Amino acid sequence: MNNPSLPERNNEGFLEDANHWSPETARLIASEDSIELTEDHWEIIEFLREFYKAHEISPPSNRLFVKAVREALGEHKGSSIYLMQLFPGTPAKTACRIAGLPRPTNCL
Amino acid sequence: MSKAIAYTIVITGAPWASQAPQTALMFAREALLAGHRIDRVFLYGDGVHLASALSTPPSDETHWPRAWSEFLEQQNIPAAACIASALRRGVIDETEQARYELAASNLRAPFEIAGLGEWVEGNLKSDRTLYFHGSH
Amino acid sequence: MNTLIVVDQPPYGSWAGREALDMVFSLAAFDQPSALLFVGPGVNWLRSNQAPSGINQKSVEKNLSAAPMFGVEAILADRSACERFGLTEATLVAGVTLTDSVPDTLDGYRHVAFAG
Amino acid sequence: MTEITASSDTLHIVNKAPDHPRFGTFLRALSDTDSVVLIEDAVLACTDPSLRLPKSCVALTADIDARGLQDLQPAPHMISYGDLVRLTEQHEQIISW
């Protein structure tokens, strides 16, 4: 998990500092999950980066991640199934990790 | 006598910093005596300190965390500390100890660590949600 | 089951307001109708142009602005408290509904709770 | 204590000392027909007749006694923890201040 070409990360693969992110970082982290980033992935990654800049939080839970995407990009993309296909596992966690955002608190 | 009622009890005041845990315990005992049910207890904010296994008051003072643990175990009532509140304040179970690679865990049984979803569910399932706050 | 979470503590001096925000976010996550009401010194949450980097905290103004996106139905504030703290239309953040009667506002919700 | 009847009005449970800002917010939020229980530090409000508390306001005996207020004149209406449970049975909307 400690790829020397990546910025410092925690034991779950999240960046310690969201400012140290670059698109290349995203590609490398995604490849660990065998995800090849397409246009559709980048749209969500950019949405998350913008969301973090505007609100200074990661979407706190997967449900709220889906809701926020729906609010910004519409019903089709703001669905669990669409996001699960792009970011397998727990989409909010996987997408935040690739986008360089802090781990969602999952307090919900 | 009116019908039995189900309560969710939320404690947000810490032991020794407030009376919240003791008032809540007196209330909970009386509610059961009156034939009511307590669905769950949820610790939030400073209330999570009630779930520390390391609190050690002098032997001639009431040990509120222990009194609560004994009550919960005797009555078989589930109790949870909010994960975000607990992590900030250093109340840690073994899972979170491993996740964050911490030196120790200190969650007192039978409390569990859980999300605010437990509180939302309590609001929906119980007839009443009652809050016991700190004094500041 | 509609729930009103009340914030009466000013921002930054304590975490109580942030924990109120977590409560309302979690209601929204489970599609429960919810709103926030700011009263007393709590209305200072709603002042625009907060710049807390000097005290190494995140901006509650920015955190709060995620609320509509998550489905929190309303951000309410006591008009008299806003006046007391010198908050005007020009200095209030967008999307706040002012109330003239806190008792009437409380009556509109089945659940009313503080974070602490 | 006085007979309690089922009510659609709000039950306010107040634990803050009367000087606490939230006590003031509670007073402003109060409707004429609401019920009020003073617990913990809030029972100190019984020492101040200038506070306009409703006639139906009651205080927890244990907290009154603990603070040496048992001989106050006029005497506050006092209730037990069991009475507090009964009040929560009878009110659907309860606000803890």
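In order of appearance the chains are A, B, C and D, and numbering begins at 1 in each one.
Definition applied: contacts are C-beta pairs under 8 Å (C-beta built on N, C-alpha and C of every residue); 3 or more make two chains touch, one makes a residue touch a chain.
Since the model is a prediction, treat every value here as computed from it, not as a measurement.
A.B. asks: Can you list every chain that touches subunit B and also touches subunit D?
C.D. replies: Per touch definition, common to subunit B and subunit D: C.
A.B. asks: Select, from C-D and A-C, the pair of chains that is joined by more C-beta pairs in contact.
C.D. replies: A-C
A.B. asks: Taking each chain's centre as the mean of its Cα atoms, which chain lies farthest from subunit A?
C.D. replies: It is D.
A.B. asks: Whole-Å distance, subunit A centre to subunit C centre, using C-alpha means?
C.D. replies: 28
A.B. asks: Could you work out how far the Cα centre of subunit A sits from that of subunit D, in whole Å?
C.D. replies: 50
A.B. asks: If you average the Cα atoms of subunit B and of subunit C to get two centres, how far apart are those centres in Å?
C.D. replies: 26
A.B. asks: What residues in subunit B touch two or more of the other chains?
C.D. replies: Counting only residues that touch two or more other chains, subunit B contributes 84, 115-117, 131, 133.
A.B. asks: Which subunit C residues touch at least two other chains?
C.D. replies: Within subunit C, the residues that touch at least two other chains are 22, 26, 29-30, 111, 113-114.
A.B. asks: Indicate the residues of subunit A shared as contacts by at least two other chains.
C.D. replies: 61, 105, 107-108
A.B. asks: Viewed as a graph of touching chains, is the assembly arranged as a line, ring, star, complete set, or other?
C.D. replies: Shape of the chain contacts: other, as it matches none of the listed patterns.
A.B. asks: Please list, in label order, each pair of chains that touches.
C.D. replies: Final set of chain pairs in contact is A-B, A-C, B-C, B-D, C-D.
A.B. asks: Going by the contact rule set out above, which residues of subunit D touch subunit B in the complex?
C.D. replies: 6, 13, 15-17, 20, 39-41, 62, 80-82, 84-86, 88-90, 92, 94, 96-97
A.B. asks: Over in the complex, which subunit A residues touch subunit B? Could you list them?
C.D. replies: Touching subunit B from subunit A are residues 11-12, 61, 105-108.
A.B. asks: What part of subunit C is in contact with subunit B in the complex they form?
C.D. replies: Residues 1, 3, 15-16, 19, 22-23, 26-27, 29-30, 32, 111, 113-116 of subunit C touch subunit B in their complex.
A.B. asks: Of all residues in subunit B, which touch subunit A in the complex?
C.D. replies: My answer: residues 82-84, 99, 101, 115-117.
A.B. asks: Within their complex, state which residues of subunit A touch subunit C.
C.D. replies: The contact residues of subunit A facing subunit C are 51, 54-57, 59-61, 63-64, 67-68, 71-72, 105, 107-108.
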